[in-house]
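Okay, structure first, notes after.
So that you can tell them apart, the chains are marked A, B and C in the order they are listed, and the count of residues begins at 1 in each.
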Amino acid sequence: MKLYKLASINLAALLLIMPALILLICFFVAPMILLGRVSLYEGGGNSGFGIGTGFYTPGTWTLNAYFTLFTDQYFWEILTFTVMLGIGITVVTLLLAYPLSLFIQKRTPRWKAIALAAVILPKLANPLVIIYGIQLLLSNSGPINQLLLALRLISEPLTLFHNLFGVVVGGTYLIFPYTVLVLVTALDRIDATLVPAARGLGATAWAAFWRVTFPLSLPGLSLATLLSLIFALGAFESPYLLGSPQEITLAVDIQKQTFENLNWPRGAAEAIMMLITLGVCIALYSISIRSTKRLQRVV
Amino acid sequence: MKPKRFNLESGLVFAIGQNILGFGLLLVLLLPLIYVIWISFTPGELLQPPTGQWSLRWYQLFFTSPQWIQGLINSFWVAGMTVIGSLLTGGGVALAVTRYHFRGVQLLSGAVLLPLFVPAVVLAMALLPFVHILGLWGTRVSVAAGHSLWSMPVVFLVIRAALEDLDPDLEHAARGLGAAPITIFRRITLPVIAPALVVGAIMAFIISLNEFVMALFLSTPAIETLPKVIWPNLRYTLTPIVAAASSVMMVLTLLGVALIIWFLRGLREAKLS
Amino acid sequence: MKEALRLEAIQHCYGNNAIAVNQVFLSIEAGQFFCLLGPSGCGKTTLLRLIGGYLKPNSGQIFIAEQNVTRKPPNQRDVGMVFQNYALFPHLSARENVAFGLEVQKVPRAQRQQQVEAILDRVGISLAERDRLPKHLSGGQQQRIALARALVIKPKLLLLDEPFANLDRQLRERLRAELKQLQRQTGVTTILVTHDQEEALALADQVGLMLDGRFLQIDTPTNLYQHPATPLVAQFLGETNLFQVQAVEANTLCLHNGINLQRNMLSAVAPGSWLMVRPENCVVGTAALQCPNCWEGRVIDSTFLGTDRVLEVVIGTGTTLRVRGRPESMPNVQINDTLPVGIPSQNLWIIPEQDPSWVAELPNAVLKVETLL
């Protein structure tokens, strides 16, 4: 009886998780493994889109793709830029998101819900739409320039996009919602009576924040940083649409290699490199968790 | 006492300043979206907001242009398939995780969330040769499968939360009254978590509708989704039709969000009773 | 009479080896109203769920209507259960909730409708309320519907898990009375779990007092109250005065602090035994002077409770006696006044047994017998 029960319970559970397992294994794990495999192929010639074996030469094993990457000065520039941009966007996002999260977290439940909805809305919308909107806003004949001109602050329109500025603005917009959500959740977990207690003991508003709220928010802050970094490193739409050829990130280059140069192995190799970079960041994150714990006690 | 008054005043200024900054920032966040919708009504050819009369000409153009309409239809197909896929995968795991205890429950819950942590580009780049080999390249199913990787975790979290909120005694009572497990699921569990199912479905739909990177990598001209159709227009022809297309997507998304809020309220009421 | 329920050596442990129900034996006659009484965590709810089939015992057998149901799932035991939070299906109306069990058993529609309406009439749900969803009904109405739902399937056993716990006092008493009447009319064997003594004494034909997964005593309410088997049982129900016998002499029993009791009508008493007298069975004033056991007591506390007055009186060199009586029959005394206080012989009860040994091992004992020193 018991054996049958054991088997039947597991059978039902197995049936239930089967679809998810199929999806994960077939469309996630297998492709990722294949990605590694593809990066080890010999690159194909430009023999046409979808015709023959133009993307890679099947059956080959070579480290050619990686070799070309590592010796390509261009690749290193892109990688460096991607990492710098990623860090830059993350910092800007955090600087803006943290005060906003503090602000939202203190609102009454009704306003809080409305504010959070306003923050999440851009995330539910199409990133293309947002980028498009930013393009329009930042363009030479767009409202921002018009405003600055009208206020006589500038004499001719500023180029606000097709440069680094535009990319950072776009990237921040797209990552912002995640960061705010994580931070607000983390701030919510802090006991609401701690700050009034600190104030009652004589602390000023700033001291109460710096010595109570901030240290307690550090775990949430580092999670938000990690998430932002992951997304910022994978930035694609912003650099592509709002940047100039100077601002090519790794993600953009993957797309170029795959669709313009039809060099799938190289695209795959770059994707693997991106994963490795991510892995390094996550490792650094784990280390940072340990040091923030120490920081909590010091502050 | 001097220090106290200083604190009070600066506190007030601080509060006002914070309010302005806070609400201001929120407004700035929404500005691009609002601007796009505004521009979509312009009568002229230029990307200027309508200054006089508003015109629906770009919407007309959108709805009569075969390429755009096909893009919209494709988006709906893919989104529909994504919804079904996410409900089966995410819902199945949610049920299994809350109803059964087996080794690896934690692992499975984490595994379901894993795709969210991989950059979209990497996933797309991995799926491309894969579907190519499988011969699925250029089918809507492949895009839907990719989208499901993103929406399965969301559906999983939503349904799991609803199942955890479900009073276990409800199912016990049904059992004691003579119902077999399948009957219990059909007549008790499913109706009670129905709002969560709907919320999960709508979220999956919205995610798929707006997803771009995977659509970019995996689409061929026959099965382009709407974001993919917008894409070249963003880089080359900047006519307001893009604004119209974007606004259509925005409206659909907002509709979905409104429905979600409506169902969430129903969920909350059920919980309180 | 048929035996409606029999439990043999039922044992149930929770995962971390915490024994919830410890080698329990129980037998309940058909048609009886049985109450499982005990403090929170004593295992009564666990026992109820074991009977219902929602939990599986680690060992032991369960017989319902003389059939062994130990291995049977809840839907095959013919048991109706009312859960503590009612567990009404939120998406079905009152009527549909009650009809559920009959629907599942494929009772034909006409018959089903008639039975549903009949039971709803019986528990007192108006026609207008029958189409409403549970969330639009009051706690009392929800309770009645849960009861109707369990009864309509004509179970062999009706189980109730603290059904009145979430209701206010007046409603609780009213529903209690209705339940008792319903049980008499239908004759269904009922087991009710509660931590409320008053409820158990009012409703039950038999009460099973449970502590730490074991039964301390199973008896009628009257016997349980007037003739408790152990000091712990005496202490659990209501208020009591407990004395322990130190030494036995020819005519007297020596208690602490030099209190001696006349031995007249007390039969075999050994040193170490416990004696009990309920506060309402003690007398003060002139009536006390007629008792063989009478002392001059000093009042240290006096409380007026509406229907009664309670006095704490010190007799001898430090023994406190609690006396309870109608206010009008009590002399009007102040603190530190003295007055005669006595115990009529027939009101002294010799507690036949000591507490079982496992009581001493209870962690910071839920109930501790207070020695009166």
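One rule holds in what follows: a residue touches a chain if its C-beta (ideal position, glycine included) is under 8 Å from a C-beta of that chain, and two chains touch if they have at least 3 such contacts.
All of these numbers come straight from a predicted model, not from anything done at the bench.
Of all chains, the one whose mean C-alpha position sits at the greatest distance from that of subunit A is C. By number of C-beta pairs in contact, A-B leads over the other of B-C and A-B. Here the chain at the heart of the structure, going by C-alpha means, is B. One inter-chain figure worth recording: subunit A and subunit C are separated by 63 Å, centre to centre, where each centre is the mean of the chain's CA atoms. Subunit B and subunit C, compared by their mean Cα positions, are separated by 56 Å.
Chain centres here are Cα means. That of subunit A falls 17 Å from that of subunit B. Listed in rising order, the residues of subunit B touching subunit C in the complex are 167, 169-170, 172-180, 183, 187-188, 191-192, 269-270, 273. In the complex of the two chains, the subunit C residues touching subunit B come out as 52-54, 73-75, 77, 79-81, 83-85, 87-91, 100-101, 104-105, 134-135, 149-150, 153. Those residues of subunit B lying in contact with subunit A across their complex are 7, 11, 14, 18-19, 21-22, 25-26, 29-36, 39, 47-49, 85, 88-90, 92-93, 95-96, 99-100, 102, 108, 111-112, 114-115, 117-123, 125-130, 132-133, 137, 145-146, 148-149, 152, 156, 206-207, 209-210, 212-213, 216-217, 220, 227, 230-231, 234-235, 238, 242-243, 246, 249-250, 253, 256-257.
On the subunit A side of its complex with subunit B, the touching residues are 9-10, 12-13, 15-20, 22-24, 27-28, 30-32, 34-35, 38, 50, 55-56, 96, 99-100, 103-104, 115, 117-119, 121-122, 124-137, 139, 141, 143, 173, 176, 204-205, 230-231, 233-234, 236-237, 241, 251, 254-255, 258, 264, 267-268, 271, 274-275, 278.
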